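So that you can tell them apart, the chains are marked A, B, C and D in the order they are listed, and the count of residues begins at 1 in each.
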Amino acid sequence: MDVQGHIWHIPQEPGAFARARDLTAAALATWGWPSERVEVAVLLVSELVTNAHRHAGTDAWLHVEPLPDGVRIAVRDESPAPLARRTPGVATASGGFGLHLLDHLAAGWGVDNRADGKRVWADVLGAPGNA
Amino acid sequence: MDVQGHIWHIPQEPGAFARARDLTAAALATWGWPSERVEVAVLLVSELVTNAHRHAGTDAWLHVEPLPDGVRIAVRDESPAPLARRTPGVATASGGFGLHLLDHLAAGWGVDNRADGKRVWADVLGAPGNA
Amino acid sequence: MAVREENLDIEVDIRDDATAVLTVGGELDIETATFLHHHMANQFTHGRRHLVLDLSALVFMDSSGLNVVIKGSREARDKGGDVHLVSPTPAVRRLLEITGLTVTTPLHNDVEAAVEAIRQAGEEQA
Amino acid sequence: MAVREENLDIEVDIRDDATAVLTVGGELDIETATFLHHHMANQFTHGRRHLVLDLSALVFMDSSGLNVVIKGSREARDKGGDVHLVSPTPAVRRLLEITGLTVTTPLHNDVEAAVEAIRQAGEEQA
């Protein structure tokens, strides 16, 4: 693949999350991804951009980079505030499902911290079998 | 630098932390690092290996890899249990200083999660000025 | 780039004093979730404690959408009713399964099956 | 590779009923920290509530070592005394500064200055 990936600035404005999803879906479609896998990547993008705007409270920068066997999505924000694992409870409606979805749907994910913010990344494999 | 770095298995046994420090110090000395910077890397190695044995409760694998401007140390363990930020309090003696030291001494650090465990990495720059 | 229109369509069909069917189409995320919650809360205010959400035209839902469905279900149960979900797309169904929602929330293949289940439960109680 | 010997040396010098100087050499990490704590606790048992830790020969200390110094200081204060630190190496000093310990714990350039400070504080109180 000679496409080197995309970086998009996702400012805090109406329609931001839908736009991040559209951009991701369009990029993966160009790379010939099956829709079932596109949906997984788009869901994780929606979670990560939502967390950046809502919890970090800053604009977000969305990276979509091809991997040999999938795609790495990464969302950078400008807050050093760390992620917090919450125990998601259907009974309590307390939220906390975002990181749970990363655990289940990403082949791997992580957080990179710098003094000026952080980057949360997740790898989505291109074929459903080998996740 | 043509040295591609080291990986050492650090099992849970007496002297493990001292051994991890010795190996790190020896590698950085070979690469011509000044002792002041070696000390920073060695401190972070001690913190990360201690956390792997004590909190993850598994053996640790220590990676020491040269970067263009420093070194990346990374400690892998076999537990998916996430790190937890604690508010370190000198008054309460509650611990929680390890991640605080990463924030202050590493140019960047992060956690990579996989289903079979995780890897905590930290970048230490080679010259004190540009951290 | 022009600002993307948020897109969530909700149609409400009252079946009886206690039962409403909400047909939810489009995308359910943190921006549109409040809109769905308003619709659900409005039905509760009017005494409808059994809500059927027809999700067959919902093309996207994330954890923010899920949180609102959970919140609505809890409110429905507080009133002695429940929220029933109908025919989610495969992507939405995957979200419901991974998060354990399918364990606590009734899922049906079509709206009439959901309405029938509500009716039968009512008769058993009476 | 042979198992690495843990290396922490502690020498105790009793100055008066209430004051002991502990010379701490080697490496203070999670494996050796307990050893230091035993020595400190032992001094408290014998009525020494002012402890001077001479760190000039301590070549390594991490947050586990720090936790034990904090714990000992708290215990000393409970008894109306304190822990005084003496001439840490630059690496240990950096750790003490970054973690804020230098704000709460007295630091001296040599052992005699620490002992003198303890004595003067005692006279002021008397």
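As a convention for this text, contacts are C-beta pairs under 8 Å (C-beta built on N, C-alpha and C of every residue); 3 or more make two chains touch, one makes a residue touch a chain.
Predicted, not measured: the structure shown is a model, and the values here were computed from it.
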Most distant chain from chain A by Cα centroid: D
Between chain C and chain D, centroid-to-centroid distance (C-alpha), Å: 63
Between chain B and chain C, centroid-to-centroid distance (C-alpha), Å: 48
Centre distance in Å when chain B and chain D are each reduced to the mean of their C-alpha atoms: 26
For chain A, residues that touch 2 or more chains besides their own: none
Numbers and ranges of chain C residues touching at least 2 other chains: none
Pairs of chains found to touch, sorted by chain label: A-B, A-C, B-D
Chain B residues within the chain D interface of the complex: 13-15, 17-19, 21-22, 36, 39, 42-43, 46-47, 50, 54, 88, 90-91, 93, 95, 97-98, 100-101, 104-105
Chain A-touching residues of chain C, taken from the complex the two chains share: 1, 3-7, 27, 29-31, 60, 62-64, 66-67, 70-71, 74, 90-91, 94-95, 98-101, 103-105
In the complex, chain B residues that touch chain A: 80, 82, 84-85, 102-103, 107-115
